[in-house]
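The next part holds the structures, each set out as structure tokens.
Okay, so chain A shows up in both of these, paired with chain B first and chain C after.
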Partner chain A sequence: MSDISHLIQFLFSGITVGSVYALIAVSLVIVYKVSQLICFAQGEFFVFGALTMTTLVSKGVPVPLAFFLSIIIAMVLGALIQQVLIRPMKNASVGALIVMTIAISLALRGLALLIWGRESHVLPPFSQGEPIQVLGAALQLQILWIVGITAVVLFLIWFFFEKTPAGIAMRACAENPYGASLMGINTQKTTLFAWAWGSGIGALAGMAVAPMLFTQYTSGVMPMVKGFIAMSIGGLGSIIGSVIAGLLLGLVESYTIGLISSKFSDTIVFALLMAVLVFRPNGLFSRS
Partner chain B sequence: MKKLVFSGFVLMVFVALIAAGPAWSKEPIKIGGIFSLTGYLSWLGEYKKKAAELKVDMINQAGGVNGQQLVLISYDDNSSPEQASKVAQRLISKDQVVAMAGTASVPLSGAVASMANRYKIPTIINSGYAVDTSRDPYLFNTSHKTDFAVITAYRMFQKKGIKKLALLMPIGPLGEIGGTAARKYAAEYGITIVGEEKFDVKAADVTAQLAKIRNMNPQVIFSFVTGEPAALIGRNMDQLSFKVPLLVSHGNANPGFLKLVSNVRTQMLVPSGKVMKPEALPDSDATKKVIVEFNKKHVAKYGEPANYFSAELADAIDLIAEGLRTSGGTDPVKLRDTIENIKKFVGMQGVYTFTAKDHHGTSPDDMILLTVKAGKWEVPR
Partner chain C sequence: MNALKRYWWLILLAAIAVYPIIGKPSPYRSGLLIFAGIYIILAVGLDLLMGYTGQISVGHAAFFAVGAYTSGILTAKYGFSPAAAMGVGVVFSATLAFLTGRPVLALKEYYLAMATLAFNEIVVTLIIGFEGLTGGASGLRDIPPFTIFGFSLLNHLHYYYFVWIVVVLVIASSIAVVRSPFGRALIAIHSDEQAARSFGVDCAKYKTRAYMLAAVYASIAGSLFAHYMGFIAPDDFGILTSINLLVMLFLGGIGTIFGPALGALFLKLLPEVTYQFQDYELLINGVILIVVLVFFPRGLFGILTALKNKIVPRTGK
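Moving on, here comes the complex of A and B:
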């Protein structure tokens, strides 16, 4: 295997994890824009999505059905949490709300432990087949699924926010909740949708990448951290920023592991975050 | 007059108590268990605890030891050596156990070893920790030695004419142990080690290392790893269409591993204790009866058969009980001696014969080589 093929192999790993970070970051941004709140439970939706789909598939449910069912279950879970735990706290400080999301994260992790146990679970790839050989590097078919799903989700988000009344209403809510409600926009419903979307996308990220990893109840911690870092680097309110930052993060991580050592990958990621926060504290792509 | 009656009464009670004395010492015998129920080793800690509890039950139902019941006091070591050390201290000082069992990894065993030696409490560990009796006279180990696992695999390779072996070892002490063992017996079984690559156990991908190994043209790859990394290597080998068998560590002889490799096409070779496939044993094998009987009870109580980790603890408890029978009392120092004198004791991991130099007690003949086919353990042809 020549050096070119190694570099291409790292590119593939980088795009894979980068897409996952991008999806998580986007889901965080959607919730943030509408609730001014960073939901630290996103990593657990990642895990729930992956493990729910794994359980459904292992019981014989066809993959496409399992896929959509798992997303819907995650969205319902996210909506429930918003209605029951977050909405009653609408007069609480941001700090208290963030602590609440952390508490939710821990509770969900405990729930995952109860349901799925301590062991690691394996989700088969969405399609069978040999990897595609690209100049000596192996491109697994699942990577095409991950990139494809990410692209479709981003397109749908763009379409929703730019072209549909509901999406425009959500943007209005995010920019000016009071003004939006004066215009007759139901801010409560909008917040509910944002949370459901957020948890659905987080779960989607988990499902798409699960065939390439081993998922267990603690698997959501690192994706949450990396997704949050991507969101911070890209700018807290910027969807485009999160996508680009997520991919960037994935590539930096992959090339660091491949060319230097996996011991430094976390260090370099945090160093990158610190650099951005020092020089562009609002993120690379924020408007302010 | 009243005083006389009263003192007489006290005297009578006193005499009665002394006469009843021996009956009071029928207190239960306390054995300490140190299990990883949380942390990164928690997936195997449960098996160990369940097996230890079942074996204690079985012994108690058969009448206990020397007329006394056994009681297992177990604590969680959180997969952390500091915590393992703390709970060992607690078992020894507060609970006053006569012996201890458990510790799932080399660092955990090391942490508890120093407690065992300092306070002179015989401890039966079960990990890759090689017991050097000059340093750890109070330690015994029911896990098979890495050497045995390698020899078991090499015997099969020799039979099938497999000569070229490549090593893909994890960075760290386990990788060193595996590499050393692999090299030690290579010449004896006609194996040539064509090369070695290292990898980080936390890595999500080893295709780069596998690509380099492929250039060495091995007939089999050996990686001394357990759990996810082992399954990951198999998966990566599938992706590269690298069609040789993969030999992994004997720590994979458990049901969780079958799930991890359910989609892996590469042939996985796992050295194992006989507990994983008693059906493959001839009736003349002494351990078969012990395994089958324990399995029956294990399935009845827990709904699943015993595995490698269960067997380690079942044997540990059995050996402690046997030592207690011979010593007749509960003095830990004497218990260590009687355990060390155990010869030809039939357990599940094998037939144990301890000596002053050998506190593992088993031999390569006590292991078999297994492979995974259609989600089940099979003997490779």
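Moving on, here comes the complex of A and C:
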């Protein structure tokens, strides 16, 4: 392999990982926008998505059906959690809310352990075929799926928030819940909807990478932390910002692992996060 | 009854002192209580920062790591005495907290949570990265047991007493801190930073000091942990440990000192009861925490105080 092909290979893996981070960050942002809450249980939806789909596919359910069923299950789970556990905590402090979502993540992880056991599971790739050769670098077909899914999801989110009444209502709730409710928007329903969306996208991220990963009940922690980083670098409430930050994060990680050091790639990423938080607390892309 | 209300902590002290004599615990049992004690030190320190000063930290295990690794490396590789190494760890942690405190604590709520989380990960990845010094991911071994004045605390009961004396000192000093003018300034910052500032409280300075104090306690806990285990690995000090500490605080009742101590004790002894449910353990832990958060926002300590007030009605003075 030549140097160019190495660089391209790192690009591929960077975009793959970055897309996953971007999806998780977006799922966090959607929940954050309407609930002003960062959900520490988001990594669990990643795991539930991946493992539900793996189980369904191994039981002989056709891949497209398994795909949509897994998303719907995650959405219902997310909505249920919002309705039953988060809503009663309306007046709690940020610390208490964080610990509540931690408690939920513990319970969900415990549930995943009961359902899927301690072993790792791998999903077959969405489509069979040889990797495509690009200037000496191998492009696995699943990477195309991951990037494609990310692009479609981002387009749908953009369309939803900009063009549909429900999306505009959701933005209104994020801006000013009281004002929105005066305008006749059902804020509770909108919040519920946002949680369903967020959980679904979190699950989707897990499903998309499931063929490239050994997923087990504890696999959600690191993707979630990276999603947090992307979200914080992008400026907590910004979908576009967190997508760019997620992709950037994936690329930085991939190139530092490839070119500098695999040992310190996480040190660099987290130092980057601290620097952004301290020097640009509203995100890297905000106009201050 | 009034005497009981005032001196209940003496009964607690007596129970801690007498337990090994009456209970004759196995090394395993006393080991559990040693761990619980170490986590109580961590939780009480974090309570000063979170419960009283109102500053979230999702990275407190970073200072636990600094204490443990300073002690471990200096005693195992450079022949320091454990007490001296513990002292170096304390100074090192306090300096680190002093240097990072101001910029990090200028952040609020989620931003602060993310920054402390990042700090924790940086410390852990550095420990993993500098393999030559720290043993890397596979851990640091051959850490000698603690010695005081040449007397080695090899016996588990000796170490039990040593750790719990430190626990009592940490709790007593924390109560003294909270009742001091410094503590009142911290509480003022918690309830309203703007107002505190307009009354002349230098918020950044006080927040950094609270952070340093919490870091010092965590560092001591780390040293105690390293010498008890004889072996430490980065896994013991990651974000999950920090998150566990948060859980202890809220489970026990944040901002009460005794609450987080109770939370730590409860969470460290709970596996003794739930281990028999094996795979259900994680789910049970999560559900207990959810139930406490939803129905008892003041935590286990809140439940106890409510019970006590029922049994011993408040007398008007």
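Note that the second predicted complex is superposed on the first by the 285 of 288 C-alpha atoms of A that agree within 3 Å, B and C clash if a C-alpha of one lies under 4 Å from a C-alpha of the other, contacts with A are read in each partner's own complex, and residues count from 1 in each chain.
Please note the rule applied: a residue touches a chain if its C-beta (ideal position, glycine included) is under 8 Å from a C-beta of that chain, and two chains touch if they have at least 3 such contacts.
Just so it is clear, the model here is predicted, and its values are computed rather than measured.
In this superposed model built on chain A, chain B and chain C occupy separate space and fit side by side. Here chain B and chain C are compared by how many residues of chain A each touches, and C touches more. Judged by the touch definition given at the top, the superposed model places A:156 against neither chain B nor chain C.
Once chain A of one complex is fitted onto chain A of the other, the partner contacts of A:277 are limited to chain C, with no touch recorded for chain B. Once the two complexes are overlaid on the shared chain, A:124 sits against chain B while remaining clear of chain C.
By the document's definition of touching, neither partner reaches A:132: not chain B, not chain C. Once chain A of one complex is fitted onto chain A of the other, the partner contacts of A:13 are limited to chain B, with no touch recorded for chain C. In the superposition on chain A, contact of A:263 is made with both chain B and chain C. Once the two complexes are overlaid on the shared chain, A:88 sits against chain C while remaining clear of chain B. The least CA distance from chain B to chain C in the superposed model is 5 Å. Residues 261, 263 of chain A lie at the contact with chain B in one complex and at the contact with chain C in the other. Chain contact summary for the complex, chain A toward chain B: residues 1, 5-6, 9, 13, 17, 118-122, 124-125, 130-131, 138, 140, 212-214, 257-258, 261-263. Interface residues of chain B, counted against chain A in their complex, comprise 42-43, 46, 200, 202-205, 207-208, 211-212, 227-228, 231-232, 239-241, 256, 259-260, 262-263.
The touching residues of chain A, counted against chain C in their complex, run 38, 40, 85, 88-89, 92, 94-96, 98-100, 102-111, 113-114, 117, 221, 225, 228-229, 232, 236, 261, 263-264, 266-267, 270-271, 273-274, 277-278, 281. By the touch rule above, chain C contacts chain A in their complex via residues 50, 56, 58, 103-104, 106-107, 109-111, 113-115, 117-119, 121-122, 125-126, 128-129, 131, 239-240, 243, 246-247, 249-250, 254, 279-287, 289-290, 293-294, 297.
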